[in-house]
Amino acid sequence: MEVQVLPGRIPIIDVDGEIDHYAVPELESKIMAFIDEGHASIILDFSDVSYIDSAGVALIILSIQKSSPLGGKVGLVVTNKNVLKILDIVGITKLAEAFSLYSSVEEALADMSGEQRG
Amino acid sequence: MVDNKHRIERRLDVQSHTKNLALIRNEVEDVASKCGFSDADIYQMKVAVSEAAANAIEHGSPLGEKNQVHLQIECSPGRISIEVIDEGVFKARLPVTNGRPSHRGRGIFLMTALMDEVNITEGQEGTIVRLVKLKNKESLKEREHFPA
Amino acid sequence: MVDNKHRIERRLDVQSHTKNLALIRNEVEDVASKCGFSDADIYQMKVAVSEAAANAIEHGSPLGEKNQVHLQIECSPGRISIEVIDEGVFKARLPVTNGRPSHRGRGIFLMTALMDEVNITEGQEGTIVRLVKLKNKESLKEREHFPA
Amino acid sequence: MEVQVLPGRIPIIDVDGEIDHYAVPELESKIMAFIDEGHASIILDFSDVSYIDSAGVALIILSIQKSSPLGGKVGLVVTNKNVLKILDIVGITKLAEAFSLYSSVEEALADMSGEQRG
């Protein structure tokens, strides 16, 4: 996991590899701590994630539930077809409250930065 | 070695509508009590079957009330097996409510929690949910320790 | 009439720890690809098996890492069957997070969504989850319409 | 379903019979409409409920989710052992946010009225 924070820009959390029940506990505590530091809105960049299961799904929902009461929003970037299929099955792709799905980091930044400045 | 006096088979086909859930539960109660299951066991299988039938009606009936839900109950002395069969395709999508994760989606979990065996098969003609409950589970466990 | 060249049986017993989930998924991938399943099918069964194994580790291992998780894979030409067996008792309780309904509890649903048959049995020695996937489902369906 | 509204007292919604997938849609719209009328806190009296399944569980959770943002609370009265077992399995008995479980209406009134006056 790698975090990119630039002043005036929404932070990007870059996760790669397999997000399973083994990887999630550490990822979860890092992401929760990062939001707690005052980063209400984040971009989760899963472009290089090759595998996700229900633990990863729970992580996404938890991030939204943490970010939303702080007035923030979670942008999720997914490109892998198999990963997208899992997110579709559990309904993540249809979430609309404090959440958006993107196919690239650029798209996420363009869309979410507009809102943040408002 | 099957005690044929206690072997019961029953089939029920009803219109796919939630108003028929009570009918389905009554059928289960009738057979299970004839089979000698306890009240607590009967209550639990009624809930499990009702969940499966509600899914058959809500998710497994592409033609709505024109479809049917099929119930097949088989009871041998120590065991009851109840199949709920619909005429649809398993829908692999969890519902979302107002853009938020849904408070629903507890039906399949309840079935596994209440029964000893749950089998969900996506058949050619429709989804088949088989629910099995064993009688006298404790005595079965004892048998393990004192083999005949 | 079974094509023995394509019949594979494999057994794996691992320590009950989530770090071994990747090992379990690799084993599934290895057998399933030797059996000729497509990449999409293999991905789906890896997720389903991983969910079952994660449950075995998190809910079905009363002694924690002292327990084992058992994987039994059988592949015949048109069909793969994967059993995940633990050494615990099925826990019939959904988790609650901070006094609110949990965002968890999607594992069993995912298994049913990704496989053609899911069977959960509360055995004497532990919970047995059997996951079955069929190959070439479309051709099976065609056969229905054009019987030999 | 019967609703008892007395001035200065938390309204009691008395439900009896079987709360299944057939009964819930009507119950749900009535209870939601009732909360919408300005009754943030309610007591759901399930003393005479003989059967409940996941549809009834969803109804309870929905009531809490409707009542909680209005500053209200849901008190649930359950006496039937079989019903209690189902609620236990799905975790309802352990919910603590804007929710309490009681074994009698009197107990619910005594406990919840204190809070309401505060």
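Going in written order, the chains are labelled A, B, C and D, and every chain counts its residues from 1.
Criterion: a contact is a pair of C-beta atoms (placed from the backbone, for glycine too) under 8 Å apart; a residue touches a chain by one contact, two chains touch by 3 or more.
Please read all numbers here as calculations on a predicted model, not as lab measurements.
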item	value
Joint neighbours of subunit B and subunit A, given as chain labels	C
Furthest chain, CA centroid comparison against subunit C	D
Whole-Å gap between the CA centroids of subunit B and subunit D	28
Length of the line joining the C-alpha centres of subunit C and subunit D, rounded to whole Å	39
Between subunit D and subunit A, distance of the C-alpha-averaged centres to the nearest whole Å	35
For subunit A, residues that touch 2 or more chains besides their own	61, 89-90
Subunit B, residues touching no fewer than two other chains	92-94, 101, 103, 106, 109, 113-114
Overall pattern in which the protein chains touch one another (line/ring/star/complete/other)	other
Interchain pairs in contact, sorted by label	A-B, A-C, B-C, B-D, C-D
Interfacial residue positions of subunit C with respect to subunit D in the complex	92-96, 98-102
Subunit B - residues contacting subunit C, complex	90, 92-94, 101, 103, 105-106, 108-109, 112-114, 116-122, 124, 140-141, 144
In the complex with subunit C, residue positions of subunit A that touch it	18, 20-22, 51-55, 57-58, 61-62, 65, 82, 85-86, 89-90
List of subunit A residues in touch with subunit B within their complex	61, 88-91, 94-97, 99
Complex contact set, residues of subunit C against subunit A	18-19, 21-22, 25, 40, 43-44, 46-47, 50-51, 54, 57-58, 103-104, 106-107, 109-110, 113-114
